[in-house]
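Structures for review follow.
Below, subunit A partners subunit B and then partners subunit C, in two separate complexes.
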Partner chain A sequence: MSKQLNSTLVDVLSVTLRVPADRISDDFSPADCSNWDSVRHLMLMLAIEDKFEISFSEKEIAELRRFATIRDAVRTHVARK
Partner chain B sequence: MTIPERTTQDWPIPKLDFVEALRNVNKWEASNTTARVIRVKVFRNYSAEFIEPFLKHYFATRGMRCEIDFGGFDAFQQEIIEASDLNSYNLILLSLTGDALIDGRHRGSSPEEAIAKISGLIEHIETKTAASVVLNTLIRPLLDEGGASFSLQPTSQTHRVDSYNRQLRTFVTKKSPRCALVDWERIVMLTGVEAAFDRRLAYTASAPFRHAFLNLYAREIHRIEGALSGRTKKCLVLDCDNTLWGGIVGEVGVEGIDLDPNEYPGKAYYDFQRAVLRLADQGIMIALCSKNNPEDVESILDNHPHCLIKRSHLVASRVNWRDKEVNLRELVEDLNIGFDAVVFVDDNPMECARIQALLTDVTVRQVPGRLHDLPVLLDQEGLFDKIGVTKEDFARTAMYQKEEQRREAAKLFSTAEEFLASLEIRASIRMAKDHELSRVAQLTQKTNQFNLTTRKYSEAEIRDLAGREDCAVYALSARDRFGDLGLTGVLIAKRADATAVIDTLLMSCRVLGRRLELQFVTECLRQLIERWRVGRWEAEYVRTEKNRQVVNFWDQFGFEPVAKDPDRILYQARTASLTLHPTSFVALEPA
Partner chain C sequence: MSTQRIDLCQTSDLPELFERFAEWYRFNPRMRERDYFDWQFKDAPTRLADGEFDFLVLRENDEIVGCLGFTGFEFRSDGAIHIGGWTHNWYAPDRRDGGLALMFRFMELVDNRFIFRFNENTARVLSLLRVPMIAAVQRWWAVTDADHAADLFQLEASDRAIVSRSAAGIKRIDGTARIRSVDRFDPDDEFTLTHLAERLNGARRTGKYLNWRYLEIPRHRYHAIRSERGMGVYRVETIMNHDVSVIRIVEWTFDDDECGAALAFILTEHNDAKPIMLDFHCASRLPARGLERVGFMPQGATAKPMPDLFRPMNYSGGHALALDFPPHRTTRAIDFERWYITAGDSDVDRVKL
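Up next is the complex of A and B:
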């Protein structure tokens, strides 16, 4: 389950930000990806919410800007469902 | 192979996952780099960017690559006034939410003032581009201050939005097809409130709409573009038993069929017939193709008290025991349309699968198993979408029926000339008048066979051409002793120095076989010589799959082919060497 969550999330980032999946490591952040601007960031957050049927708080939306952090947040939300 | 039923819920909304849409679009664009491009400009006052994958997805389903440019956030007024590149777009979206537009607390933001503002912006856009503008209604507040009764007060936001929407509808109707409208409230009705709005992002990022809303908004925009460019269906071919009524008339008799609007399933069939007639009223051709004894079907059409569809609504009928594929081929030939213009409805999954397999361009729809879904079967996909209805649309069925009478009359004459003379054809050939331009645009979009270059123009583009000094848009209207044939020929010429270039020549198929095309071109050339006094001529034949019949058309007028490649022949002529073909049996009427 956890592994699948990880690969689904990698896929969402890869498609939304248009980067190859193998470039997405735990530390992957806007600094590694010129496509990851503020509009793309919102797009990404909404895409993740849709995919996992969860809802981030406004604080999370503002702060989730590193792959591992996003994954932890998704995990917490999914576990809470 | 069976065609799966398309309907699994009462109001099927295309579910489109954002990531999947984006993935498919990325993949499609990478492998279709030469696809036709449609350029869209979005003026907006909210974060509208998330619509991009959805819009691209819908256009890709029609083989088009959609390129979208978003104007600056809430800078739409300034940008429209200053824009200098608008004519490079095919479609303009003026996508505005209500908050800033009409807010009772600010002066200058009453519904009337908001409409005046929109109307001013449209005027600006009109001077800069021929592209159509898609507007949207506003959404009334879900919870009104003061409750339901208070919302009747003119000062309530509900009342104001309502008033704005009503005025906007009137405005867009007047401006159609230059302007078109998406009803945002309807989208919310379809998706439900929860799926439509995101209050959190409305506040933090000015992005009030969720993906489900943007998906349907994109679908509506795509439907409008399809209707504007005339890429919709022309003919509906219907089976009879268990499609137009319930039961098999050969078994249960005329009295035994289900068609009573006071019973179920009779009401479902009755309402389906009503939906078919609404299409007929808009100029969609209705035909029957069924395996029945013709007397049985005629008896229902003529005498059944609840049968709304009468023989007078049909352009053609193939009620017999032959193969439906053969019947359909014959129908398409008689009506002079392409298979891609046909929608075929049948209850039998075998027939549906066969037709789909043998005639792949035909759109096949099976009568849904849940009969209460039948009445809306044809409304859901926008197959017959159109913007505006012309005079010819209203009269189309009658014209095809008269064509049938003409075919009968032709049998009485021994030579073609004798027959043509007996038709007493009268033609009017002149520059197209203002009220005819929408029909002219429609013909450029719909005529595939007798069309030398197949250039498709929107009404706005035709209006632009007709208004130019160096351009002439000619129209042919004709009638004969059987009746009016309507506006059925178009010739567009452009002048470049001392050369007249024939940009477009087309004739609606229903007037072919009368040599009217010879008289039409002869008269246009004559008038152009007088008007422009040019010495040289250029004309063109651009090959398509459907216009073989006109490949050598220009030769008979004294044009010489000067460049030939497989897809295109370029012709030239001098005025002195033109060969004209006035015909004796077409009387010209004064303009």
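Up next is the complex of A and C:
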């Protein structure tokens, strides 16, 4: 389940940010991706919400800027469902 | 790895912040004037944050790289009073996601967010957040001398006919009965809008607010007039490289039948400044009904856009406006016609050097 969540999340980032999936490590962040600007960050958050049928708070949207922390947040929200 | 953080601005930050303003707002040295900064972000009647200033600074590796200022205010909506916040000076150059972090920090401070005059990138962000918006707040203008205005604004024949109609309307106004100038509003007074419409929403135009906004702002010269229940605020702006001026109306709550008298008062008072044009922006048409009857035209009346910038002369394209109320991030409609939001709101109306 956890591997599947990770894999799905990697796919969402890869498609939204237009980066190869193998570049997405735990520390992957805007510093590693020139495409990852404000607009694309919002698109990423919305895409994740749609994919996992969860809803981030505005604070989370602002603070989730690293793959590992995004994954942890997604896990938490999915577990609550 | 860079460390990014957002803090409320403190006095100790101002030297570095003003250095940044010298780069970011190089054509607006007013931003680096301490009394103006205090007026805008410290002295407003309604404060939103606990710190010294209602102003956020974005740092990376301890260096200021972005900012977002904001101003709180009370507003009436559907008969109730709420707290809202305008954003100002939202700037995050080359910091790809820092701008968004600043906006979300502001959003933590206030539920009712008002955003005026923003660029395409911001519009995209707001659109993704499903914030209702309009591309340009409505504007009305009138001219006092049709031939001179048509030459100055380089209008073609069909547009000349439009300005002639406007000038003819303005020429017919007379009588200044019931209008008087105001040096200072009674802080406890409030100019409500119910005589214009049963439910017209907007910032509470209390005497306290009007005094702060228009009579205490450094280095701006606003003039205020009133009748029994209506008021107007305006300033006289000279057109760069010309010896004529424009009357920029930023508040207008007169009854329809008082508009002519109020305009006649203004034109008589400032005849020496040779006003060639008057204008007024408002999200709602209701306060402009009376102006339309005496020669004001909507912005789209002419084929060539009438300029709305005069130092130097240009057309800005209009002022976009977004209103973000709870429930956030949900698709909803806002009737902008029910909002008394003018160029006096936010920081849209500022003297250009």
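Just so we're on the same page, the second predicted complex is superposed on the first by the 81 of 81 C-alpha atoms of A that agree within 3 Å, B and C clash if a C-alpha of one lies under 4 Å from a C-alpha of the other, contacts with A are read in each partner's own complex, and residues count from 1 in each chain.
Assume a residue touches a chain if its C-beta (ideal position, glycine included) is under 8 Å from a C-beta of that chain, and two chains touch if they have at least 3 such contacts.
What you are looking at is a predicted structure, and each value in this text was computed from that prediction instead of being measured.
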Worksheet entry | Simultaneous placement of subunit C and subunit B on subunit A, clash or fit | clash
Practice prompt. Tell me which partner A:36 touches in the superposition: subunit B (first), subunit C (second), both or neither.
Written response: second
Discussion item. If we overlay the two complexes on their shared chain A, which of subunit B and subunit C does A:16 touch? Say first, second, both or neither.
Written reply: first
Practice prompt. Would you sort A:47 into first (subunit B), second (subunit C), both or neither based on which partner it touches?
Written response: first
Worksheet item: Does subunit B (first) or subunit C (second) touch A:65, or do both, or does neither?
Response: second
Worksheet item: After lining up the shared chain so the two structures overlap, which partner does A:78 touch, if you call subunit B first and subunit C second: first, second, both or neither?
Response: neither
Worksheet item: Can you tell which stretch of subunit B collides with subunit C among 4-12, 58-66, 202-210 or 310-318?
Response: 202-210
Worksheet item: What part of subunit A is shared between its subunit B contacts and its subunit C contacts?
Response: 39, 42-43, 46, 58, 61-62
Practice prompt. Sort out for me which residues of subunit C touch subunit A in the complex.
Written response: 1-2, 92, 96-97, 99-101, 103-105, 107-108, 121, 124-125, 128-129, 328-329
Item to complete: Would you tell me which residues of subunit B are touching subunit A in their complex?
Response: 17-19, 22-23, 26, 47, 49-50, 198, 200-201, 203-205, 207, 210-211
Practice prompt. State the interface residues of subunit A toward subunit C in the complex, per the touch definition above.
Written response: 27, 30-31, 34, 36-39, 41-43, 46, 58-59, 61-63, 65
Worksheet, complete the sentence: Residue positions on subunit A within touch of subunit B in the complex are 11-12, 15-16, 18, 39, 42-43, 46-47, 50-51, 58, 61-62
